[in-house]
């Protein structure tokens, strides 16, 4: 895959979608479906989480199977802070992202010394450790999770109001997407994409490859923590299932459906997956069979194939 | 870009699909959000509650208090986050009038705040956490079954009376399990060899059984609902422990669902309950007979609780003449308890938990040769829970 | 005390050997074709369901196990021929996703066929009691599992170390291209390995069925453990899988048993019993990370 | 001219073994600034291992490597590149799916000190016109100017090798390690590569590993012969041609 370049058309399309999304709460109110405002927030939060994984997998070429750890840790941070009386979003959310980034630094510093399947497995192992650690701590709710009784507060904004919260989420997502778009075209973005394409060559050209990958991994992890902080506000519960490896898998599914290595891939994937879940669950409880088949088709039939997008997958010597 | 096209298409679908439900009918129906554990090791309990509830609706000709009953059934998969999402949907999208069905106290505690904030009545057909009986008691929470501690208190009293000296306690590590230990110990004063907490949903008890063997207790009290209890009893017997230690359990771990799965090893086990299928009252006879006819099995105490929950809603709605929006009146009506429970007489305490009798049952063979529970006597009469004093109901 | 440790060690051995049945197939598939097969856990689940259904239909546990192994092996062949075969040349991300999709499909299909409630599988009556070992009772059924597990491990060792097919398998794991160049039909070999692995999965599922519950999702937690085992042992190595399985089985069981009592000396019973098992689980992953850090190819690397 | 030359690369008794087998056994070699130094030897003599050790892709087990007076042994690859050591690979190692221009710009960008850091997350790269200009300049040098917009995988094999040379040059090396640049090339392409190396040699010191003896004797100022992990001879082409040991151990085998 070549270096990412966003076309004017794609930007215009994104702008149109943004306008529609801004209008969505009013639209839903007219239709007396205000419940879906909160649901829309949830979708956008997952879009954010998937986007951060896309930065790591799609742009950085690091197939991390433990992204849920950062997502979940962000959620727990906010819930734990709220439990001890810290409700300010201005404090809790950056802290959640910071703690997730710190964890990513630790995990990345060790995991990025391995390659290929061992990297997949070691990131999974770290995520499982976090999962079991949280399960074990009854003061953090153990397997019941930790309820967030009050949403974070943000100055004069009333985040308890579903529409206000939705707009905050939308603003943050837009910000992250814009930043990712800038990043993809920046020097740093070109470097990590080139590392994805040919790591040994980048080393031979004199790039400290490890450092670049680590920075990318940490940014992805930190922003996933932010997504987690938002999610716990939406759902009101930091649950261990956010840390489970199936959650990491689900995020991967989202970016593959939406497009690996594309700025909007995570958004498209999350929206499609969650909308399908919402609607097909009503039609048939067994809709996951359909999801599985669609996923298989995407993997097998995608014109370039996911392998086509990643030449590095099988460079076994 | 093609993706964005799909996106807007789906947004349009979303709008279309949901607008169909939008037409809200005038008050001719009652909506009940039934959220219960219908999959996984705890599924048996949820299924029994559901079937009991549905049987009551059937007996009431599909109505609750004269209004058409609309029961929305959702599986919580025994996961707090699933329960919470489903609850949000019940409250905000479906705008239900009542919620019921939750089996496990941890899930109850997870969804409770949202339900109460929304001023929706929750009629618990099972979970009776101590929190909601005491300091966190709430005008919108009613428990039609028992407080978690009660059945365990009854076993504790019986074990104490029988003179056992060294008891090991086994319960899952969740609020209901903790309540079980506390309840048992409130009336059992002898030595507790060990309090073993297991993971909720655990199925292999090899490590715990080895530990019990090394402790050599004369009795083992276990509270492991559903599939957990089935496996525990089977493995307990397989490990050869039944020769040295007598097993005791609350009715939860010794009811028809467990008996059916385990069979003969259950014979002779004493347990406690607030209800039994052989209770002699007209309501119960009809309930037990029709339940067997409908589902081809004996009802468990869970089924009786589900049945009572529906009866309770029915009485409440009838008393307020369908004016469900008058929450204050509806609460008073529910507190008044104008229905006949299959367990016989009981009344609600100030914390909305029952004051009722608890009985001793033993598992044996009945006249038809079936292995089943038989009521032996009364352990407590008009027993209230231990937390009511802490409840300052607004 | 020694008796308690002995009993717990037996429990660990039993768990480890069951893990081995899963890990053996997984490590060969992974080693030979460089293929991450997340659906391996689903084969275990399907095996358990088939065993329960066949046991119920025939009334014989032995027939149940046989039918489950046969049926699951056939299913394995079907999956291999229609799907997995197309994934060997793909990268790991594609493999992870495609087999993740298989998990979703398998879970839902099973739910459609057998329902959401767990299916009960009983131990045969003759084995439902205890037997007397030196000084204490131990469940006969668990002893049987240990026996079967040990037998399979021994058979597998002979098969891989002593037979011609075993030589091909070993060669395939250490260098696939070379093996192909030697004229071995790797395609057929892999179909056979997958079928064999599936049968072992079914055996594990059937044997564990009576101890656990046969239910949807039973494959996922044990799958990750099986992956841990083969990464610790060295991908592609049967010996590594055996050592890894026993290591993980013992660490998990002994940790689960010992840590709570250890922690209880300074924590409340409730805290200790939730912290203990979780720490034991964490210990397994710490073990894996440590092995990967110092021996990136696992304890017994198959590739030189 | 050769009299004033300083030693640029000093390889002193470097050893590297795999299992019990020595790929390099106390190999010593001096490359002088400005020369084209060819390294020849039979297959399996350890030539590529030496390149790996020099570039930092593999650590040496023993010995010392001095480059422009700096000890290299503990330095990671990217620091060696910053000091002016660059390598090409036996098998073409470029970014196949990127455009030819992107291939070179990413290489130019590697010289971070000239135009600021690559840890720039916000500023669009398209504004870095200096980098793009230099990339075009380099493409012109390797005669690929007209193919800047193509994807690298669409180039012919010879063009890809030239592109790789451009990548290496972009790092402004003092010493170029070329590992079999002519491998797999037809006569025309080889001739083009020889021309390119001759052109480069005017500005950069080159250590060339090559099997094509015609090219070696045409390009090299001096030649070292690596056999069994040891340098058995070093000298100008005539001396090497005449060396009895070399003839016996190596050239003799070639017939």
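By written order: A, B, C and D. Residues from 1 in each chain.
Here is the rule we use: a contact is a pair of C-beta atoms (placed from the backbone, for glycine too) under 8 Å apart; a residue touches a chain by one contact, two chains touch by 3 or more.
All of these numbers come straight from a predicted model, not from anything done at the bench.
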Partner chains shared by chain B and chain C (touch criterion as defined above): A
Chain whose average C-alpha position is farthest from chain A's own: D
Chain pair whose interface holds the most contacting C-beta pairs: A-C
Chain nearest the global centroid, as defined over all protein CA atoms shown: A
Inter-centroid spacing, chain D versus chain C (mean Cα positions, whole Å): 49
Distance between the centres, which are taken as Cα means, of chain B and chain A, whole angstrom: 38
Distance between the centres, which are taken as Cα means, of chain C and chain A, whole angstrom: 31
CA centroid of chain B to CA centroid of chain D, Å: 76
Junction residues of chain A, two or more chains touched: 138, 142
Multi-chain contact sites of chain B, meaning residues that touch two or more partners: 173, 199
Numbers and ranges of chain D residues touching at least 2 other chains: none
Chain-level touch network, classified as line, ring, star, complete or other: other
Chain-to-chain touches, reported pairwise for every pair that qualifies: A-B, A-C, A-D, B-C
For the chain C and chain A complex, residues of the former touching the latter: 30, 34, 36, 83, 86-87, 89-94, 96-98, 100-105, 107-109, 111-112, 220, 224, 227-228, 231, 235, 270-271, 274-279, 281-282, 285-286, 288-289, 292-293, 296
In the complex, chain B residues that touch chain A: 1, 3-4, 6-8, 10-11, 13-15, 17-19, 22, 24, 79-81, 84-85, 88-89, 92-93, 106, 109-110, 113-114, 173-175, 199-200
Residue numbers on chain A that touch chain B, as the complex places them: 9-10, 13-14, 16-17, 20, 24, 27-28, 31-36, 38, 138, 142-145, 147, 149, 235-237, 239, 241-242, 258-259, 264, 268, 271-272, 275, 279
Touching residues on chain A, where the partner in the complex is chain C: 57, 63, 65, 110, 113-114, 116-118, 120-122, 124-126, 128-129, 132-133, 135-138, 142, 245-246, 249, 252-253, 256, 260, 285-289, 291-293, 295-296, 298-300, 305-307, 310, 312-314, 316
Touching residues on chain D, where the partner in the complex is chain A: 55, 57, 76-78, 80-82, 86-87, 89, 93-99, 102, 105-107, 109-111, 117-126, 128, 151, 167, 170-171
